[in-house]
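There are two complexes below, and they share chain A, which is joined by chain B in the first and by chain C in the second.
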Partner chain A sequence: MAKQYGFWIEIDRCVECYACEVACKAEHNVDLGIKWRRVTNVWSGSFPNVTFKTISLSCMHCEKPACEAVCPTGAIKKQPDTGAVTVDQTKCIGCHYCFFACPFGVPQYGKSGAMEKCNLCVERLAKGQEPKCVSTCPGNALHFGTMEELSKMAQEKAAKKLAASTQPSVIVSK
Partner chain B sequence: MTIQNTWGWLVAVYLFLGGLGAGAFVAVAVISLATGERFKSTVRFGAWASAIAIGVGTLCLLIDVGKPLRALVLFRSFVHFGSWMTIGAWLLFGAILFDGLFALFWTEPVLQWVGARWKFPVEQRKAFRVILAVLGIFINLGVAVYTGVLLGAPQFRPFWHTWWLPALFTASALDTGVGLVTGYATLGERSEKAYALRNVLEGCIIVLILIEASVLYLYLSHMLKASPDAVRSAELLTSGALRVPFWLVVVGLGLAVPLIVCVTQLGGLLRKRAAVVVPLIGLVSCLIGGWTLRYLVLSAGLPQMLASPALEQILQGVKFIP
Partner chain C sequence: MTDLRMTRRTFLKATGALGTVAAVGVGGRRLLQSQPLAKALAAQAEEVKIIPTYCHGCAATAVNCAVLVHVKDGKMVRIEGNPDAGNNWGVGSTSLCAKAHTAVQYEYSPNRILYPMKRTGAKGEGKFVRITWEEAMSTIVSKLKEAKEKYGPESYCHLVSEFYPPRDQVARRFLNLYGTPNYCECCLCHGPRYLAATVTIGFCSESTDDWNNSKLIVNWGSNCENSAVNQGQPHALLNAIANGVKYVDIRPMMDPLASKADQWIPIRPGTDCALALAILNVIIGEGLYDADFVRDWCYGFDRLAEHVKQYTPEWAAPITGIPADVIANLAREMATTKPMVIKTGNGVGDQQRDGTSAMAAICLIEAITGNLDVPGGNYAGDNMPSMIPLRNFMVETLLDRLPSDAYDKLLAPSYPRFLQKMPQVISPVGFHTPQSASYKVLEAVLTGKPYTPRVISAQQTSVLSQLRNPKMVSEALKKVDFFFVMDQYWSPAVDYADIVLPACSLYEHGHNSFFLGVKNRPDGTWIGMRNKVVEPMGESRSDWEFWLDLGARMGFAADMWGGDIERFMQEQLEPAGIKLEDLRNSPRGIFVKRTEPLPPREYRRYAQLFKNLPHGKVQCYNELIGGKPDADETGTLPYMPEYKGPPEGIAQTPDLAKEYPLIFSDVHAYRLDQHSSYTGLPYLRELQPYPWVKINPETAKKYGIGNGEWMKVESPHGWVKMVAEYFEGIPPDVLMSKRGWWQKCDELGLPGYSCLDGGSEVNVLYNGDREKFDKCSCQMAKQTLVRISKL
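This part shows the complex of A and B:
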């Protein structure tokens, strides 16, 4: 089976510094208002026992991407060598169909009108480097690797693979 | 309350006009197959109306996408046939072509112009009309169904992800299309037997409205019993933020008013004094209802709140939709 790269996010190591988000924007020169990686606070509980956890998420690079299935132009492709789900912006017509197909609200549309999202830094991968968000994270909260490697690394933590019918390549742990 | 607005009123115009055009074509194609040239002005009107409606609808779709010029190059942009949008784009192209050709074959000056240059016997012309009508009915029904399938394909919009939606949009397409043709048959058709055609069409509309109302009822009651996300969407229409336009415009103007108009027309009430005004009111209110139905169904298409049970244990109810 071809390799499937993905992310492991350790929530208890995240200090909500937004370095991953900024590094991603700088690396890919992303338009204002568009975020390929998003740091989100998830609130829970009710007053007076309110708490939040911070989580950094991007495209899940699903094993069965719903966006690829609905794309009329074939611009969205799952790369066989890395498992990255990429979009060819020279083919995309900006119809927003992938936005409705994606269960995680990942596809976004910038000034060009075409869809854009995390591409797993495929150009850095080709040079043997990690994605910019992962190499930038000061707290080692973000990890990158094949799903087998990540599962092994995350074994000791109470880690869970994100579950959805599209099979996201993301593991989250406390 | 949030509503879906990534696809807004322009897409609703397309969904409406696509259905309207398809319904009008099916109506006049059946009329032409059943009665030949007897009601040629109605057939001509319906054929042109369907070609123009589907053409303008497609234009709205093009304006709505981020890269309209790129989308226009059909054979380069719509190549992934696993996607319903690709199938729909080619169906639209086929419908515009067939409806346009059918309209030309029913337009006298065009036929004379062709006849003056090439040998084109009447029998051949009739055969062409029959072929175009029969094939066109399939393509246009495809367009009507597709407007619902387009929304129904994405799995994570539970309010759309059901076969009730194509059923509803197809019923509404036929209802509005037949309504438009009836409007012309009532106000514009000068043929001797125009009243008979009108009566048949009005009877058809009554049946179609009853079918559409039943499908709408079954669709919403099905959704109100489905997943919590589908219930959230359905309640937007029945009792939530969109309830006023839903009950007043979709149910009131779109279904009740045309039904009352057709029943009074068929019953022979009001025939003399309001011969023009009443059918016109029925037609306009039916069209407004048809567009509003599309717009509200689009607006109510909320995403599924995705929290996998595994992740929930970690994040206590995290929601991943921004």
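This part shows the complex of A and C:
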């Protein structure tokens, strides 16, 4: 099988700084109101016994992308060499099927009406660079690599791969 | 452990299950280097020019990350970290913060000031007409000459934001040549903390070098994930936590790093001095101090022991909002867990009525527990070999050109005059030339005491969104004879200016003073050029250029490099044997390898660290400042830390609290803006569209205020409108907000808000009585009481 690249987010190193989210928008000139990557807090408890965890998520680049399966025009493609799930906006008709199919609510629709989302920075990967969100992370919380590499790294931290029938290529761990 | 099932709903709700999935386990972790990938994709590579320079994100401060700016067809398109420079965690780091990535929006913002302007309407009305640089400069020159002749040179006061060394050094040089001591600082940041530490323990270390040897790290008021997320400290702290250090976080609000703490201690804003004194009380009272260190290296310990007897945990509990047993246990833990380091930041010492005492008391906790300059303690930093020789590292300010009575002519000393007269003996920071406090200088415009400022200038500083009592500030700006501003953005204070000058962004000129950005590393020194990335917008000029030009026009050409910026820069590089040309031709910077080896890490360098302190010892009883005149010269400074507390508070002013029951304060810095600026940048504003105030949901509901609803916040001094942000990580009787909502954002259709009553500027809420400021550092307290209602 070809390589599957993905992300590993170490949530105990994420300091909710939004660098990844803003860097992503700047890198891809993303419309206001649209987010390819999203930083969110998950709170538990109430004052004074309270805490939160911050997580940064984008497209899961699933091994079996539900969006690709339902796309009527073939605009969504899983790239054979990287495993990136990408969308050809010229083919997209804005039908929103992918939005309803995606278990994670990833697909978004900007001014053009065509679906857009994280493309794993394929243009940077081609230059041997990491995705912009990963390269900018001040806490060094966000990592990029093949799922094998990431699993190996995450195993040391007893990580758990996100489980879903679509097999997301994202690991979330402490 | 259960499987984490991600569903659409959990993703959209940001995965409530995440709290349960996280397994305990500390593992090695390493940045994964990117792999070369399929060549087929390489065809997408863009035609861009990559220009190394420094980030503008923290514009007015000494914090500059080295960056690579991508330029296409003469326009900036994106920015990334320069891995050669050694940013954040070191060589190879390409990390940058959120602000950095809005560089393009900053550069091309519709809110930029593009041309010199002169006022045509009333002061504050906002009516201006475009003029030439020639007219602007000759007007300024004639006003400066007139003021000097009629009222003396000290009648000219220059306002700056704190710590912008390169520009300020050139500005200071000009002021010294002109003859005025009134370089005016905002008294908000860093300086007081630094001063209190240096006069107490002889040094103020920000070193993270030894954190991995620590057993306990106490973050006391350090907001580093907000103020400098890419400057190494958060990263180092995360490493230490992964390494198993115990981490305690003392801050009013649960900020991101506090959420990772073993213990978060929500302290009432501005009461740190009470907590520190109570901790000293327990440590000394229970005999938990390091007796050997105290005997050998502390001066006046017995007096301190007697002094702190009054400050029991039971006394501090109602002041700080922290239960007495929590205080006592914290004190015991800090004394017995060794090594321990207290990481302080702008949340403590700055903007508190007793900030100098608070910081001094914290330093004494570290000292008497034996944690100064020990492995894993408050380590004073590596003995680095000296940098490659640049001319004095900083620009010479020609202090000797000031008249000999300059210190006596200071209008409103921001630090006590006697300290200012001891240049660089105590602290390398802050005393290169005399300095006044901006707030008091503006007050003097209205009172004429001790004399009246006649010409005021402001450079990249928004006094209406920075100083307490904006109403007073606006009255002063209306009254002053002549006021000129040089800035990139039209802040509300600019409406009061007679002349407005457009300033370049840092991407529009290659003007360095080589103070910033030079990275002194164990293996050598990296020095990079601030390169010009794009052409200046409109007719904007660099701040450096302005001072050189003004100097030349005022007749100081010989001392201002003939007005030639190239000469100015080359002169600084000469001692290092580097030519400006060489640096320009080395786009990745020049690395000068260390010839001598790095000295081995040393600890317990007490004789050296305390050498400037009386008796060569830690000042438990401070003979350096105690009994000497305070900054206002209306009283004397204490020998030992004294609690004063916020000007208004539940414990401090109980009668007032009946009418205004909630404590209000604001964060020193926030990660999505640069102090009062940047709410005009779309990618940042969309993350915080409205002037927020963090409020415990329980409190908000009591007042019928929903999440995201506008509310009125009213103090005894003024009122503002803000939007409630439900926040569980804050005590029910405390509200926290941030200053600076004056910038509009056209791209999002969002307005800017007034800095006066009824707007959203938190400064209108605070007490502007200078008697309620810190008497050593002129820090303006930022704590008050408020009542709230739904709008």
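Here, the second predicted complex is superposed on the first by the 170 of 174 C-alpha atoms of A that agree within 3 Å, B and C clash if a C-alpha of one lies under 4 Å from a C-alpha of the other, contacts with A are read in each partner's own complex, and residues count from 1 in each chain.
Keep this in mind: a residue touches a chain if its C-beta (ideal position, glycine included) is under 8 Å from a C-beta of that chain, and two chains touch if they have at least 3 such contacts.
In this text, all values refer to a predicted model and were calculated from it rather than measured experimentally.
Residue contacts after overlaying the shared chain place A:P103 against chain B and chain C alike. Look at A:R13: by the touch rule set out above, it reaches chain C but stays clear of chain B. Residue contacts after overlaying the shared chain place A:G94 against chain B, while chain C stays out of touching range.
When the shared chain is aligned, chain C comes close enough to touch A:A26, but chain B does not.
Judged by the touch definition given at the top, the superposed model places A:T73 against chain B, while chain C stays out of reach.
Contacts of A:K174 after superposition: both chain B and chain C are touched. Once the two structures are overlaid, the count of chain A residues touched is higher for C than for its counterpart among chain B and chain C. Of the two partner chains placed by superposition, only chain B is touched by A:S112; chain C is not.
In the superposition on chain A, the residues of chain A contacted by chain B and by chain C overlap at 11, 40, 42, 44-45, 53, 55, 57, 102-105, 158, 160, 162-164, 172-174. Remark: chain A residues 11, 38, 40, 42, 44-45, 53, 55, 57, 66, 69-74, 91-97, 99-105, 109, 112-115, 158, 160-165, 172-174 touch chain B in the complex.
If you check the complex, the residues on chain B that touch chain A are 6-7, 65-68, 70-71, 77-80, 82-86, 89, 153-157, 301, 303-304, 306, 308-311, 313-322.
Chain C makes touch with chain A in their complex at residues 1, 3-8, 11-12, 14-16, 18-19, 21-46, 78-81, 88-89, 94-98, 100-104, 225, 229-230, 234-235, 238, 241-242, 254, 256-257, 259-260, 264, 266, 671-672, 682-684, 686-687, 696, 698, 728-732, 747-748. Listed in rising order, the residues of chain A touching chain C in the complex are 10-19, 21-23, 25-27, 32-33, 40-48, 50-55, 57, 60, 81-82, 102-106, 122-123, 125-130, 132, 135-141, 143-146, 149-150, 153-160, 162-164, 168, 172-174.
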